[in-house]
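Common to both upcoming complexes is subunit A, partnered first by subunit B, then by subunit C.
Coming up: the complex of A and B.
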């Protein structure tokens, strides 16, 4: 059992790497997508909405095959890890965009009106008044997306990335302890997701108590 | 008579086919306290919002100190950012920024918009918070304060910009009566100081006692106006009579 566990633990770094980088890409790319989606320009908001729905509407595994085997065979060939990060990153962007959007929509209109009649220009109304409140409101949804990505990242094993799941299926080929192996893998995923959930709840709780005490 | 500070000139405001303000004209003199009363849905708040571009007029115009209030700056015009330095607004739901402390709600606009230094902004903020009786709450976040404290902070935030006029949009409607009384007391002291005030309110006691002029609106129009004595003692319009009977009963 210890040797199996050791084998799986070696995949933790890859799982965290794929998920972490995808989250970074998603957080960065999701913001402009959300901004476009909320734009008063109908064409821009339609295009952004279409991107979000197409990306989210197709399973991650299909995107992965599409990029790795589809694009990979004809256009650009990335190694499996890079393919996994880029694909999950775009997938994450669509989901974070929705979290951002929900956060921005949760800021009451009176807040922007109050800022405008105090004399703040558009940029400052956004950065000083809307954004801080929107980010706070987006924390729970964002954490759900992050934990979802952690689990979703298991699909990258299918193109040969040796994450926790990749290590588990490799180990299962060599032994008959499938139940034990995949149980250990499950425990590792849960162990990784708990800190994310706790951190999100802690940070959100502290800020939320300040901002919405009643 | 001197030129009015705020002049509403044949203003219409409609949303699609729905006309919420219809051909309203109203002059407010410098230092005057005007209370706008009337039934719900009369267009009182909408008229107020026309005065500072929260609701750009559909036709007609609003002048502030002789300058046309306009979405675009220019010769003879004043845009929202310029107007903000001269006229503040207090909202029904306070609209303090919840992610900032009470004091920061007052200092941030002073620093960012008026360009005051940190020390000066803080000094001004604390003087105003003391004046409205909530200096003890300076470090607290709005959500930990009572509604009355929040609204007094919102008034202080408006005052921190040294406005010539303040618009009040039902400032006590969201408050329990005892908190409303605190807010009205602050407003009364402002009126005594000579700041120009336009107040949409359901507080008939305040209107009667403090207003230099009471304006009655119904269905998007001004149906009657006069001194508080005229309007409250001998209302001439049947809608005013019915409205006052309803709100003053009991």
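Coming up: the complex of A and C.
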């Protein structure tokens, strides 16, 4: 059992790497997508909405195949790890965009109008009034997305990335303790999701104190 | 290969995906409802068991649960063909997730209604069947439809245990024709159409129900 655990633990770094980098890409790309979606320009908001729906309407594993085997066979060839990070990153962006949008919509219109009347410029209305409250409101949804990505990242093992699931499959080929191996893998994923939940609660608490102190 | 030759093959795969999807929902949702009802009983042992099942089903990746059922269960003498194994794995995760949907819907029904029913002489079973469920199921319906779309997308994971579903058929065809971009794009479009139609139906039902609720 110890040797199995040691084999699986080697995949933790890769799972965290794929998930973490995808989250970073998703948080960065999700913000402009959400902004476009909420813009008053109908064309821009339609395009942003279409991007979100198309990305989320196709399963992650199908995207992974499209990028790795489809684009990889003709246009650009990435190694499995890079493919996994980029694909999950775009997948994450669509989901974080929805979380940001929910957060921004939760700030009452009256507040932005009041701030404008009080002489705040557009930029200040956004950075001082809308953004802090929007981020606060978006954290629970964002944490759900992050934990979902952690679990979704298991599919990258299918294109050969040696994450926890990849290590588990390799270990299962060598032994006959499949039930033990995959149970341990499941427990590892659950254990990894706990710090994400705690972190989101911590950040939420800090932000909440700062937002309400103002 | 042209689209006319490709589509029938992909639709064969879609049939397998749809079959797994329907069976998963037929088993998973009632099981999820059962889990959420058990959680309401005062028995601590029962709710502890349910807690573990739900946390495992929601906390572990679906792919790992799938491997656990297909490759792991033979260790304890349960050997399943690929499609039943996939359905069982998907039903476990569906039950775990939907139990949270049902739990929320059940707790939205005011306690006073059940107290009133008890005073009027309803047995606990009657309270559940004729008071709790009719209202809670209506509350849960939009979320259940939304989650059903996620479940459909999840059926693509069955490719990993060689079920000839939509993704598996597409990948097979791509390997034969070497036209990976086109074939996988068409397969992706099929998934997209299913989820867009599903989302549209869910929106319509939710809107209609909101109207019905507003009237009463």
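Just so we're on the same page, the second predicted complex is superposed on the first by the 203 of 214 C-alpha atoms of A that agree within 3 Å, B and C clash if a C-alpha of one lies under 4 Å from a C-alpha of the other, contacts with A are read in each partner's own complex, and residues count from 1 in each chain.
Following the convention adopted for this analysis, a residue touches a chain if its C-beta (ideal position, glycine included) is under 8 Å from a C-beta of that chain, and two chains touch if they have at least 3 such contacts.
This one's a predicted model, so the numbers in the text were calculated from it and none came from an experiment.
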Looking at the overlay, what does A:128 touch: subunit B (first), subunit C (second), both, or neither? first
Touch test for A:190: subunit B only (first), subunit C only (second), both, or neither? second
Which partner does A:182 contact after superposing on A: first (subunit B), second (subunit C), both, neither? second
Considering only the touch criterion stated at the top, classify A:23 as touching first (subunit B), second (subunit C), both, or neither. neither
First, second, both or neither for A:120, with subunit B first and subunit C second: first
With both structures placed on chain A, which of the two partners, subunit B or subunit C, ends up touching more residues of subunit A? C
First, second, both or neither for A:165, with subunit B first and subunit C second: second
Subunit A contacts subunit C in the complex at 53-54, 56-59, 61-63, 65-66, 69-75, 151-155, 157-158, 165, 168-169, 172, 176-183, 185-186, 189-190, 193
With touch defined as at the start, can you tell me which subunit C residues reach subunit A in the complex? 55-56, 59-65, 67-68, 71-76, 153-154, 156-157, 159-160, 167, 171, 174, 178, 180-181, 184-185, 187-188, 191-192, 195-196, 199
In the complex with subunit A, residue positions of subunit B that touch it: 52, 54, 80-81, 84-85, 88-89, 91, 93, 95-99, 108-109, 112-113, 141, 143-144, 157, 161
Touching residues on subunit A, where the partner in the complex is subunit B: 108, 110-111, 113-121, 124, 128-129, 132-133, 136, 210-214
